[in-house]
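Okay, here's the structure, questions in a sec.
A, B, C and D are the chain letters, set down in written order, and residue numbers restart from 1 in every chain.
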Amino acid sequence: MLLAPETIADFNQQHLDSHRRKLAYWTDEVGAAETIIEKLIAFQIAIPSWALGTGGTRFGRFGGGGEPRNLDEKIADVGLLHALNRSSGAISLHIPWDIPTDPEATRQLAAHYGLRFDAVNSNTFQDQPTGQAHSYKFGSLQHTDAAVRRQAIEHNIEVIRHGVALGSDSLTVWLSDGSCFPGQLNFRKAFDRTLDSLQQIYAALPDAWKLFVEYKAFEPNFYSMTVGDWGSSLLYATKLGPKAYTLVDLGHHLPNANIEQIVAILLHEGKLGGFHFNDSKYGDDDLTAGSIKPYQLFLIFNELVDGMDARGMDHATGLGWMIDASHNVKDPLEDLLQSVDAIQMAYAQALLVDRAALEEARETNDVVQAQELLQDAFRTDVRPLVAEANRRAGGALNPLALFRRQNVRRQLISERGLKTVATGL
Amino acid sequence: MLLAPETIADFNQQHLDSHRRKLAYWTDEVGAAETIIEKLIAFQIAIPSWALGTGGTRFGRFGGGGEPRNLDEKIADVGLLHALNRSSGAISLHIPWDIPTDPEATRQLAAHYGLRFDAVNSNTFQDQPTGQAHSYKFGSLQHTDAAVRRQAIEHNIEVIRHGVALGSDSLTVWLSDGSCFPGQLNFRKAFDRTLDSLQQIYAALPDAWKLFVEYKAFEPNFYSMTVGDWGSSLLYATKLGPKAYTLVDLGHHLPNANIEQIVAILLHEGKLGGFHFNDSKYGDDDLTAGSIKPYQLFLIFNELVDGMDARGMDHATGLGWMIDASHNVKDPLEDLLQSVDAIQMAYAQALLVDRAALEEARETNDVVQAQELLQDAFRTDVRPLVAEANRRAGGALNPLALFRRQNVRRQLISERGLKTVATGL
Amino acid sequence: MLLAPETIADFNQQHLDSHRRKLAYWTDEVGAAETIIEKLIAFQIAIPSWALGTGGTRFGRFGGGGEPRNLDEKIADVGLLHALNRSSGAISLHIPWDIPTDPEATRQLAAHYGLRFDAVNSNTFQDQPTGQAHSYKFGSLQHTDAAVRRQAIEHNIEVIRHGVALGSDSLTVWLSDGSCFPGQLNFRKAFDRTLDSLQQIYAALPDAWKLFVEYKAFEPNFYSMTVGDWGSSLLYATKLGPKAYTLVDLGHHLPNANIEQIVAILLHEGKLGGFHFNDSKYGDDDLTAGSIKPYQLFLIFNELVDGMDARGMDHATGLGWMIDASHNVKDPLEDLLQSVDAIQMAYAQALLVDRAALEEARETNDVVQAQELLQDAFRTDVRPLVAEANRRAGGALNPLALFRRQNVRRQLISERGLKTVATGL
Amino acid sequence: MLLAPETIADFNQQHLDSHRRKLAYWTDEVGAAETIIEKLIAFQIAIPSWALGTGGTRFGRFGGGGEPRNLDEKIADVGLLHALNRSSGAISLHIPWDIPTDPEATRQLAAHYGLRFDAVNSNTFQDQPTGQAHSYKFGSLQHTDAAVRRQAIEHNIEVIRHGVALGSDSLTVWLSDGSCFPGQLNFRKAFDRTLDSLQQIYAALPDAWKLFVEYKAFEPNFYSMTVGDWGSSLLYATKLGPKAYTLVDLGHHLPNANIEQIVAILLHEGKLGGFHFNDSKYGDDDLTAGSIKPYQLFLIFNELVDGMDARGMDHATGLGWMIDASHNVKDPLEDLLQSVDAIQMAYAQALLVDRAALEEARETNDVVQAQELLQDAFRTDVRPLVAEANRRAGGALNPLALFRRQNVRRQLISERGLKTVATGL
């Protein structure tokens, strides 16, 4: 379905008075409002193609209705989100779930919605029902059998080819490789085999491309993961070369990890490549960004803004930004709107931080003042800024409210049916 | 497939000399050997019907071959395990995965293998493809909609009926009920609704039956679980009445929980009902019992033996003993043999502990000596005792070795095919 | 040192215009402002006497200057905090660190500052340098030696006597009792001995008093804690009787625990007695309230408000509210001002939640809307409300800013010296 | 006190028959016994000078009696341990707690007991009561103030000088540097300042020396640690140069970390320098090695043996081996005897692993068999081997039993008094 610009304009018109009042108060009190709004407009978060349907757990999946049935409908869904918030202007594909049969047409369809193609993602953590000679039951790039490794390497190279055809410029490699039991793996050999496989993929990377090495502490392997933490990922990325980077997924850490410090160190090393946003309480829970630990999300953005500025990186394009969540009990599109909203707020709050004062407090070990400065930014209600940025870019003042008022889900169900399953879910 | 007694006898004969030498050394050094062997023979661990096929994660499932295709084949598999180790003499069914069409025939089939029916398990954590009016997407016994609760209650009562027909005498209720996001649930109302539903199930319980209330800290709900820890479970069980008990699954705790202390307290309160054995490093990893933390398994048995003796409970029948594991990367039957083996060893070691000396060390706060006493038992190689118990009961000295020598899996594949999927997997 | 009312009035006068502007915007947009301000004024958080000096770890302590040298100076410090924020109108004493030699004079001194005496705290986790016959090395109320238990029981009864003399009406018992090694404790006997000891203390409790049984997952014992979780504490409290309650300290849980759910259940059982506020990332880190997980603090208050309202409890007096933090690297008084501030905000935000709409969203399983409602409240900048409540009650619009402008710490150092150590630190 | 060789010989004589019987059975069944005994004899674990007295927590310390009062007595205590087990032939000093006034005499005293000096340890996590110009309250090598950093650097260089005088050849730098609150630190600058400081220390390192960079996840800083994980430590060590290595302390990780994999990767990178042994359940609990997770200890040794062999490293000298534990509730010397014993067993079991078979199982993804091979080794009772190694080297068959029979603690108390406090405790 399409959302006519007039629908958005009508909606905004109805809420404009209240919005202007809130915004005016804001701009009166905070000088940096205009700069922040501009940066918010430029900031785009990619939506992964697999996040448009309801996720599940090993215990079951409770699908919603009207889920996209093919790549075109996935693109349409992201287009709808982007029309609403003007901040989801990219889509990240997963191969083989989303192989475009006519890349040029797919590219044009995306362009029609104002979308570009973000990182492409390979999949060697599952066996495909057809056309796969070897099983990944015991790993892919780490596998003891060279034939399995070869198959996984070639799959990654094929993913790059698809990405090139669509105008993507990066490959994300998330490996579930690891072991479930002590003794199962020779850790050294698994490391070496994985590195060798990655090197072959790296060799196939086009010049301007980046390779993102994603790490994860546990699941689906429950004893060891071969790319298990940022230290491992950085080792691989460093040995691979300048086009290889570490990718941080917020849910991929051991309990209590200080993710913002990891982000700062990786940025400082010039090896942070991208981000998968979600939130979690126990493991890779894949909950809506900002739904569990919003202050942590802010602290991460605080490091991102600070670290990117220190290296002169452009916030919008310097790193890959993507949501990676699961929506087991929410409408996937509503969940994504909430996630983008939370990310925009965390970014706006990070931009609000008085960095000169913060550095001064740090230099004098004024811990109380340093905390006050961060919390001043975090406690500020930045919703009017985010709404204004969305509005100026052509989106809705309140994307979620408009989504609901337009009965989007009901329309999608009537178009697509109640029992649909997106590929990859 | 069946394992002829002569096959086992042949196998044992070949290893008898070596075994006798080890055992003789053992009985020379340790007086209690005979008593321990007898208790090991009496000790039986139930096999759940869903553990006979390869498990999976939300990221995929890598099936093995020759998996059972129906309830009869599941019973045959447990029968095979029991023939090998004479310690798996019970099977635990999951409804609706394993509804017997002819209960009397099913009962006879089980009896033929020397198996009895342990606790029956209800399933309200998934929607069934057919014949289910309401969805459990937002819970079952906790649901805000009385019609959903009614459906879930009736399902549990139906499970009891199936259990009665098979000669089972207990119902295990594991609820995935909970919430994924702050705000989703009114915790108080969810508690009250769940209690009310459980009370209705409890009311349908035959006189000699037990109701096991299983708790779990997280997954598949990732913010709150309505029966989330032993404290909650005990509250429910106490409010329900004398036939309700807490069931402990080793993988259902927060990181670093002291499970053996929980076991001791529940036993002391007279409210420990049963056990699900598995092992884990991160969450409900469902790994082979004893594969990650064998000392913890021993410490748990140490409390079980001590606490059951203190209450005059029979070790073999006082509590429900069951394995609950997943075998993502192992042959399920081999995994189960390893699990039973590990449980037998932990039990044997716990029986070895010099309890009089231990109590004396405790009374005098001789921490060093208390540790020495436990570790003396744990460091003792009890494999000859377990082998002897299996042998005397008619099983194999080394069940896993015989399983492999007989090429059981290859036979199962040739009988059942390479691509089979057990119901419930 | 004393803070003259005129000083506060002057300070407020200077910031009044800006404050009124913010508040006006607020009261224009939110109807409930007046009610919230009144509740904030009534809400008082007790300051523990041991939190007025710099804390330390086992690796060292880096004292600040001007710390209180005796009970009178501790009361003066709390009086100063209360003068600044009018929300710290109670002090919680720790015996034997703060034994008043002249209780009546102490009481009058406190009254002079507008302070009452909150729960008194016993200490059986340390050996005192003088006057103690038995050591608590191996526990106190759980000890195998009846003479040690008797000493600990009598100490608690003595603490009650001191509390009675000061007008306190509750006793908090935090036990470090537990074990460091497997085998050290007979869990059952430790439970029974502890219960028996608590029963003797309970028997000495005056009629209108409450006994708070505090639990803690680990530290200083590193294998088991005899009152280790809310389940244990509730068991003790229930067996003790109607005057016994569970006390929740935010830092006393295993990783990832859902504390807000625990709070809801305990309140629902009528057994939540009180709260120790602090924040933490790893264990009992005793950091400033709201400094690490402010959303969690809000979610806890959300349950507190909801649960107390459901039972018709008065927010200000229904439970015991206390800070328990350590300030290793902050000025203790500044840290306490930040903590009270954060608690007030979380309380104000919880009061803001649209409960009718929330219950409606819950009843219809509208998870997205339920989250929106909580986050609407949390994202609201309630600082003007807290400032107004402080101002109306006679305190400063910004207590921390005034504390700094008055150079309070410098004055305290000049009065008390640079190297002072508060008793109990 | 000294333990006469005849005392040991007498003791061994009394237990020789029983020991020989056990050993004979052992050597009959396992071919590798002789090799393992020889390696055990060569394997020495250093005792840190601060581990000879009772440790404590921030809540208190319950001293034992007869604790060493000075460096000479500490050396005597290690000498006693070494006489008992012939496996503690090194001592690790902590400066400034153990500054030798006459290094040559100290060296001779140690040599008299058959001890060498292992790594020397600096201390910039505490302020010393005298002679320290600047405070480490806000860090040492990371400090914003160059003068503080300079002081800390010079202290480390002084520690090297002491080490040279004693014949040590490595420096362990454990930093408590970090932050307690979000905002407190600029992570990048803290990293750079720490690196710069370490480089200055590195520059002062004698040619044959090693610098060990120890990491720790949390405590005493509770928000961030500047050398917080193996990834950070490896970054520092790599930037420093070939003489810098990572040091692993078993208690310094986040919950559920796979330490054996970390060990394998660091060894593979040629950057593992040494080990601090202890055990823990929650954090840096500093419990007796092998008392909580003995299988983990074995798995770590399994990687150590495998990884060292792969690099042709000598087990005894290739890495630094040290105990670092706290003994809050045990006699420190007994605790150390238990720790050394547990380490010896884990090492012996790791030597028992059939590595050729293990590699074959791994190559064929025979997960079940790989687990069997590891557990075969772990389940083997290696106590006769450890006893024999101790005996052949001149130690006692059962060091702890002899320690108790000789009433060593009572003698130490009578020599040194009941209330003694070792420096550094």
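In the analysis below, a residue touches a chain if its C-beta (ideal position, glycine included) is under 8 Å from a C-beta of that chain, and two chains touch if they have at least 3 such contacts.
Keep in mind it's a predicted model, so treat the numbers as computed, not measured.
Counted as hops between touching chains, the shortest connection from subunit B to subunit C is 1.
If you compare A-D with C-D, the chain pair joined by more contacting C-beta pairs is A-D. Inter-chain centre distance (subunit C to subunit D, centres taken as mean C-alpha positions): 40 Å. In this assembly, the C-alpha centroid of subunit A lies 43 Å from the C-alpha centroid of subunit D.
Among the residues of subunit C, those touching two or more other chains are numbered 137-138, 179-182, 184, 217-218, 223, 255-256, 258, 281-282, 288, 291-292, 295, 329-330, 365, 367, 371. Residue ranges of subunit C in contact with subunit A, taken from their complex: 21-22, 25, 28-29, 255-256, 258, 281-282, 288, 290-296, 329-331, 334-335, 338, 345, 365, 367-368, 371-372, 375, 378-381, 383, 400. Within the complex, the subunit A residues that touch subunit D are 137-138, 144, 179-189, 191, 217-218, 223-224, 228-232, 234-235, 254-258, 260-261, 264-265, 267-269, 295, 299, 303, 306-307, 310, 358-359, 361-365, 367, 370-371, 373-374. Against subunit C, the residues of subunit D that register as touching in their complex are 55-60, 62, 125-127, 135-138, 176, 179-182, 184, 217-220, 222-223, 255, 280-283, 285, 287-288, 291-292, 328-330.
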